[in-house]
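Structures incoming, each one as structure tokens.
Next come two complexes, and both contain subunit A; in the first it sits with subunit B, in the second with subunit C.
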Partner chain A sequence: MLGPNEDLPTLIARKDHLEVLRYIRVHELREPSLVITHGQSLLGTKLSGNLGDDAARLAVLEQVCLAALDLSNHDLAEGCLSQLKDKVGKESTRFRCLLARCLEASADFDGANAIYDQLLADNPANLVALQRKYCIARAQRKEPSEVIAALDEYLGQQLSDVSGWYEMVKLRLSIADFKGAAYALEQVVLGCPLDSDIHMQLAEVYATLGGLENLLLARKHMAQALELDGTNLRAKFGLVSVANQYLEASSEASKKDIDEHEKLVAKELVKYGATAVMKDYNGSKMVETVKAVMDDFTENLESL
Partner chain B sequence: MSVTVSPEAYRTMIVFAASHCTKAVHGILVGSTSDDRFVVQNAFPICHETPTRPLVDIAEALVEAMLADDNNSNIIIGWFMSPEVLSDRSSGPVAMRVASVLPKNTENGVLLVLQNEEIGQLASNEKIMGAECMQGFGKDFGKQWTQALEVSILDQKSSTERTRKDIISGRKIEDLTDHWQNGVSTPWHPIVT
Partner chain C sequence: MSTAENILLDSDIRDWVVLPLFVIMVAAGLLRFHMGNVLKPDPKQGTKVTQRIQSSVRAVAILKGGAVHFLSTSKLESRKLAYPKLLRAQAIWCENHLDEQDAAGEKNGGENDDGDMPNPFSSMEGMMGNMAFMVQNMIMMQAIQHFFSGFILLKVPFRLTLGFKQMFQRGLEGLATLETSYVSSISWYFLVMFGLRGFFKLAIGSPALETQETHQAWQKLGKQPPGRPGTTAGAADDDKQIEMLEQEADNLEMLLPTQFKSNLDQVEKRLLQNNYPKKKSTIAKNDFLLHHSVGKNKSKKN
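This part shows the complex of A and B:
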């Protein structure tokens, strides 16, 4: 059992191999070398040792297998697989998932897909299989529409997976689908409402989409980003940019679309953002350059 | 048309791409242009993610302010990018869009796409030469980025050698988003520090 002050370096120094592996598993760290070192210290080089606790041994074997795949050590992974197969049998769902991962690592994507398809036929809500099918689609560099469809299928079953939605954001951005990226980022915001960077990214995407409505949303999210983290320098610059962009869009819009109150707010936000940026850069090497940029944004405000 | 790249710009772009080897990187190209040639004098690394409009707008404003400060005749002439995937050899849609709108003082711009496989080999293979690590594109009659441009690096042998040493030593180039992330006292671009 971990004490309150026990962290990974402490466990490693104490050579508590089992706790090291548990720590890495619980905290979802990516430390394949550590896992293999401590796994082999625990079970021996051929991993045939016994811990007296079957469940713990199987968990260690699975963890070492995945770590071996991460380091392209296919022999070690195969050794783990055969140990697991002897114990749990080849019909075990978890074993089949691991086998499919090994096939993926060997670039046998068709073989891996066949196993995942079988797993999904047994249980259409098998999230691991859906996730891995998406990863295979990406690894095979399939058409963006196919990759997005695979991720969509996973997210359809797991709507609350914020990391999955963020993956969708990155996919959509890479193909310049900013509208899709904005939708996905809204889902991420639902899951992480207090994350300043997410609000800032959403603001930037809305600003990229353009149009008065989107620019209003961009302004609000950028302001929220600063509300959540007053030191977010990128958000300070972003606030100046999106508020200014709103003013420019307003000046080109028809009178019926213009909200005078929002225009006033935008002007104040440009001044606020510019002041905040200059405060940060005061005394730095870039102060003159940044001042020139901020002056450019604030000088012609009254004419907008 | 052709593209000539200065040693400093070449080194900045390649080392920047090598600093973020699992991500797409983007940046602004600065230099001069004539009827038949682009000369890239400098490259400003901007981000290692998909660029958005506010980011590009602010980056453009900062670069133009720096050029005005230096009192030189260089202008923004284009955009460079390195794809996320090792085997990708062409630009994504976002970089093409940015490259189309960014150069305001010239009708044509240049889009440089860094070739990841060659950059990856640069550290270990002394036969790889500078110009192999990037592909230049200009706009064709239909304003599409399909016109392949011949790329040459000034002082190619020595530029390649210095860049190779930078990659081997693990030198990192900080872009604008790194500068914002890490604080105003951290460097953005070598010429700024």
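This part shows the complex of A and C:
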């Protein structure tokens, strides 16, 4: 098993191919060229070598196959598939999923869909098949309603899948359904609360929706993004913009909705954001342009 | 009741009983583990209903965790109202799904009979592991009582009360005045049996990475590993799980706080720190009592 002081460079330097491949699997890194080099060093160019451990060999073959698809090396992928078929037989569910992935990669979407439909007929609870069917629908650039239906099918079975919800965010943004995107992003926030970029995205969506309450929430999430990661430059710009938008909205709103305290907070936020942005651009070529933009925001603060 | 001297036992007892018993039990434990691996049946198919229920409960439980402090109070409140409804809606979906399946099953004629028949055997497979352990226990205990009884085995280093005499000095009824610390072989068997659990955790260790990955892959492919309580697929189990959903919905309504307080509300204060504008309180503006002072402590009101 991997010890605490074994990270990737050490393992590579030691030429411990099996452990390198395991490390990549465990940490879910996307390093296809690394996987292929080490896989071929371990099992030979045609991947026909033998390890003592059967299970390890099959896992390596699967990993190398997926890496080959990543680099569009279809010959290598076919080689892996034939090696696996000899060992596990073509009735194995995991093998059929891998085969369908290879068909997807070579753009044979109908063939892949046929295999996934067959898998779902055998076992309706097959999450991998539902997930890949959504990916196929997205790759084929079907009608948004169809793609959303496919994603709904998957998310309905796996409500706690954060990356699934993030796919929903991207879909909703592409059809300009900002309310739906906001809800999906909130689910992502609940799943990954410490990610500064997610808070920033959520704030941007709230700001796009507009309205006093949404802008208040946008302010808070931008502030949260900056609290989590003080170097997030986009969040700094975002803070200035969103706080300013709040001030403009409150100046147009009716008297009863305006909260004086919140307006003061917004003004402070604009000033804070502007100073933070200027600090970042200090000494760079863009400093004059950025200063002009920031002054635009901060000059009219007293009048708002 | 402290006797200053200890009874001297024959060293043959140690050579022929204590150590062999220990070795036999270690060997039996390893054998049981490996037989379990070899005889393990293939993973069973999980149902769509089970999967849906498990993931709903997991998704809804996030409201009880720490992530709520990163979402605004208004959204949390609306989720507090919506999530129990979501769970109940899922329960209805599952019931409809099961009804549809039954209807489809009836249309297809006798195909359901195949599903009904193996049920009694499938529940047995799940219990096989526990059964093996119990059977082995019974056999070993009988063997020990038959072969290794009638003599004192060892003295445990701690005092025991008189109540344990009956349990630990099985074959030694004649020696009523014997200290309870002197025990027979059956107690050595119990001691070792409980002690070896920790030893086996070390010796066998965690399963290989590939096995763990296979288990994860099974979950994603919708199969359930054998020997788990949810594996017996049957209408009765699904109904029970739907009941569990309803219970979860009720629990959720009870457990969630009546008023969410999210840390997100104060995030601007934390960000701006000293620059955060002070809230001017308006409560005391018109209160005449606060603006008057009595006697010597009369201070200027600004």
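Basically, the second predicted complex is superposed on the first by the 291 of 304 C-alpha atoms of A that agree within 3 Å, B and C clash if a C-alpha of one lies under 4 Å from a C-alpha of the other, contacts with A are read in each partner's own complex, and residues count from 1 in each chain.
One rule holds for everything that comes next: contacts are C-beta pairs under 8 Å (C-beta built on N, C-alpha and C of every residue); 3 or more make two chains touch, one makes a residue touch a chain.
This one's a predicted model, so the numbers in the text were calculated from it and none came from an experiment.
Once chain A of one complex is fitted onto chain A of the other, the partner contacts of A:25 are limited to subunit C, with no touch recorded for subunit B.
Once chain A of one complex is fitted onto chain A of the other, the partner contacts of A:289 are limited to subunit B, with no touch recorded for subunit C. In the superposed model, A:142 lies in contact with neither subunit B nor subunit C.
Of the two partner chains placed by the overlay, neither subunit B nor subunit C lies in contact with A:179. Contacts of A:280 after superposition on the shared chain: subunit B is touched, whereas subunit C is not. In the superposed model, A:85 lies in contact with neither subunit B nor subunit C. When subunit A is checked against subunit B and against subunit C, the one touching more of its residues turns out to be C. The part of subunit B that touches subunit A in the complex is made up of residues 24, 49-50, 52-55, 57-58, 61-62, 65-66, 68-69, 84-85, 87, 92-94, 97, 177, 180-181, 183-185, 188, 192-193. Across the complex, subunit B is touched by residues 141, 170, 173-176, 178, 201, 203-205, 207-208, 210, 218, 233-234, 237-238, 240-242, 245, 280-281, 284-286, 288-290, 292-293, 296 of subunit A. Of all residues in subunit C, only 45-48, 50-52, 55-56, 58-59, 62, 66-72, 74-75, 206, 208-211, 213-214, 217, 220-223, 264-265, 267-268, 270-272, 275-277, 279-280 touch subunit A in the complex they form. Residues of subunit A that touch subunit C in their complex: 1, 22, 25-26, 53, 55-56, 58-59, 93-94, 97, 123-128, 156-161, 186, 189-191, 193-194, 199, 213, 217, 219-221, 223-224, 226-227, 261, 264-265, 268-269, 271-272.
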